[in-house]
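Both of the next two complexes hold chain A, though its partner changes from chain B to chain C.
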Partner chain A sequence: MPSRRRTLLKVIILGDSGVGKTSLMNQYVNKKFSNQYKATIGADFLTKEVQFEDRLFTLQIWDTAGQERFQSLGVAFYRGADCCVLVYDVNSMKSFDNLNNWREEFLIQASPSDPDNFPFVVLGNKIDVDGGNSRVVSEKKARAWCASKGNIPYFETSAKEGINVEEAFQCIAKNALKSGEEEEIYLPDTIDVGNSSQPRSSGCEC
Partner chain B sequence: MVKKKVPDWLNSSLWSTTTAPPPPDDDRPQRYAAPKPVAAAASAAEPPVPVVAPPAPAPTHVHAPVPVPVPPRDVVSVQQEPPKPQVIVSDTRPSNSDRNDDENGSFVQPQLLSELSKKVINVRELRRIAMQGIPDGAGIRSTVWKLLLGYLPPDRGLWPSELAKKRSQYKHFKDDLLVNPSEITRRLDKSTIYESEEWKCESSGFLSRSEITHDEHPLSLGKSSIWNQFFQDSEIMEQIDRDVKRTHPDMHFFSGDSSFAKSNQEALKNILIVFAKLNPGIRYVQGMNEILAPLYYVFKSDPDEEFSLMVTGVCFSHSISVCHWFCKFLLLAPFSFEFLPSKD
Partner chain C sequence: MWGAPAEPADSYYEVRPECTDVPKTRFKIKPGKTLSARKWQAAFTPEGQLDIGKTLSRIHRGGIHPSIRGEVWEFLLGCYEPKSTFDEREEIRQRRRLQYSAWKEECHQIFPVVGSGKFITAPVVTEDGQPIQDPLVLQETNSGISASSSKMVKELLSHGPLDKKVIQWMLTLHQIGLDVIRTDRTLVFYEKQENLSKLWDILAVYAWVDRDVGYCQGMSDLCSPMIILLENEADAFWCFERLMRRLRGNFRCTESSVGVETQLSNLASITQVIDPKLHQHLERNKKLCFIVHRDTGRR
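Up next is the complex of A and B:
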């Protein structure tokens, strides 16, 4: 019997509106940056093949809308995630303060089997802006927060310049893989739609 | 889910059409009506004859009563990368010499124009014709959209009064809703300043402990305080600001540092903020900017500029309401449409 280890890894990117979630995803998958991104409506995803220890995996990266109003869609998007990427803008304190909300919201909505050990990765984006002069969140502060939440891996990135993006996503893929492998593969009972002789439900058929 | 109520302001008597005589100086109703003989012969009544004529220098006022289609080349360039609308306006503005084009919309246009020139327009029929496409130029599209959105009444005689009413309505909304709170406080302060001076003279000996009142000041926590409201709104305004800057970044019309783009962004922002404040249950949802942008673009590019500017705001309200209802009841109802909660 062939290996039943899963080859699809689902990654969710969360963070405030405008921190660069779409840009990071596109920089990683397409190696491109554009000033012309629109606000993401709802969610979007891209896939990328990654190789890890001679095996190929498909990384499915979900980019979500930053506006709070879309959070109610979370359950549908977050379900089955193998890793969650939290993004903030190093030039915006508010986006950093909100990381806590995003993390908790994710844990509530996705309800992973082992919330304490669910893999997160934190990215402080836009380090290129104004040569770092407009920066308001220090690396120290960010690392301290990550340490307090169970040593979340932390990267400082620039989607625009392509700094640290590859490294960050390699770490994300590795963590997603680890979490994906530990999980029991759950195959729900299949429904045979071809079998018409099944008794129909006696409920209301309006 | 809470039963959705139509917001009160939508049911305001201002939206309903009442008879009022058009102001005599308004030539808009005549734009599609009784064409002047020369132009009528060339375009509306008979099959269009291709006449190649150089565009006349842009007149300051629309003279030709009949809208003229734009040559296809213009249409293509508009769709691919719209040049600054000033250019479009001068290109598409009807000139005294008629330019007709057989290849573009020649099937649709006579029908469309004859429908538009009726005294009372049959909106059903208009919708049917417009399904095949609306030619660019001369503000036909913006007029048709306004009719189909229910913004203009089918009876053309009512347009001038309706427009005046709705325009003043939007101006009123803007004045009421977009005012900086310090401006309001300043106004309030002027009326109370004498009182406080009196109070100062009376107090002697110990300084009395000052209470933080729930009046109008930035630290007020009073629920009805405009400052408190302002800080609550500022989040949504930031969101709108961020998204407006990201609206059609590939079009010079909407993005860039030109004062023209900036003024358009400002207008989009105002419209979205006014809408968000008028609809506290919906407020602003990412993506509304994308619905608004084409409406604004088309109305702003209407050659008769004065006719169009204020219109967008209210028209947007209509279209969003339409979208909202449509989405809610037809598309997303089974998936609990929670990101547009009905709280109002």
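Up next is the complex of A and C:
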């Protein structure tokens, strides 16, 4: 029997507001950093083609809003995820302390079939800030937490400088691929809403 | 003037030179069509009553000249009745400015960073109202202000444990700061620290006054144009407050949903009728709806 073909890998990025989730995603997908990202409202996603052992996959990366009040939308976003990326800012203790909440919230809302083995990856971002002088969460502390949660892979990144971002996402993609989640994923056909045959209104001029 | 070429409006909202990928505005100032300062002034009677019908149809055809946009928006947002007189409006304006500064003073009394020209981007209290002494607070906030911000919280605590509504409000302050530093940052306007803290102050005061909504991500984007268009901070606040009367439902949250979800389900019902194929597509990808919402909002 041929192995089940999986073409779409869904990845969710979670973490406190302002830790750099949008920047990490854009650094990985578009290879650029900008100081001008707006706060993410609700959620957003980007896709990237990745190749593994001669097979092409589409990595669908979901970027989420950090503000707690958007968590109620989680169910819709989290469902069917193949890997969950937890991001904190190495310069903010609070954002590290909250990793636990983000992880638990994800497991409750996504309810994966095998929660103990669901793949997470932790990223400690903003290692470039102030040459590391403003850092408050040590690598040791972060690794200890990851070890205590079933050896979660850990990377220290800088979305701004592009440090470790590629490596981290390769690990993320690999773990998503290994993920045992067998839920049917519907890969949407594209509907072009921008190019309709109806005449476009010129819009409001105020 | 007639037949003069349309002038792009970009120069009125100057973009920082290093931001090269900012889309140009499609709005153009069209002589004879766009509501000009002269036409605007001519739309008032000597007492100050505005011919809103004629003005609206001009705005609809050609937009508003950037030089008068702030004062026109005050009418469009409903801050003032078109049939009011100059004198009546002046009285209302003064009264509102006083009200705003009274609220701002209340906030300043609780947390003196409000109104100080500075703002915070890291949390200052825990969920149970204890001061946070994370060294980060010292680092990340502007010009060493939070060196004293944990002192401010302690000072406040010396009068007894914090009220629940005070804690609730203080928990939003760093979130406002985190969003202020990434709102319309492509504009030269926000290179000025005082404009950043103006945005922070207005949102902080609003969160204090409208406790059901408080602060929700997305509100900084709505408030920003008001600050750019209206020089007086209180006037900008009241424009924002008027806008929020229409939109606050989107930001209100219950345990299980964000307000905007109601709108999305209405949108889904409409789509089901007018474009079943699109509706079916969105239903199978429920989450896409949220993106659609923000993108359509931008246009």
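Rule of thumb we're sticking to: the second predicted complex is superposed on the first by the 175 of 206 C-alpha atoms of A that agree within 3 Å, B and C clash if a C-alpha of one lies under 4 Å from a C-alpha of the other, contacts with A are read in each partner's own complex, and residues count from 1 in each chain.
Note that a contact is a pair of C-beta atoms (placed from the backbone, for glycine too) under 8 Å apart; a residue touches a chain by one contact, two chains touch by 3 or more.
Note that the structure is predicted; figures quoted are calculated from it, not measured.
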As a test of reading the superposition: which chain, chain B or chain C, is in touch with more residues of chain A? C
Once the shared chain is lined up, is A:S17 touching chain B (first), chain C (second), both, or neither of them? both
Give one of first, second, both or neither to describe whether A:S134 is in contact with chain B, with chain C, with both, or with none. second
Which superposed partner A:F70 touches (first chain B, second chain C, both, neither): both
Kindly classify A:N35 by the partners it touches after superposition: chain B alone (first), chain C alone (second), both, or neither? both
Footprint overlap on chain A, where chain B in one structure and chain C in the other make contact: 17-18, 35-42, 65-67, 69-70, 72-73
Give the list of chain A residues in touch with chain C in this complex. 17-18, 35-45, 62, 65-67, 69-70, 72-73, 76-77, 91-94, 130, 134, 136, 186, 188-189, 191, 193, 203-206
Can you tell me which positions in chain C touch chain A when the two form their complex? 19, 26-27, 34, 59-64, 73, 76, 121-123, 132, 134-136, 139-140, 175, 178-179, 182-183, 185-186, 216-218, 220-221, 253-258, 260-261, 277-278, 281, 284-288, 290-291, 293-294, 299
Touching residues of chain B toward chain A in the complex: what are they? 239, 242-243, 246-250, 283, 285-287, 289-290, 338-340
Sort out for me which residues of chain A touch chain B in the complex. 17-18, 35-42, 65-67, 69-70, 72-73
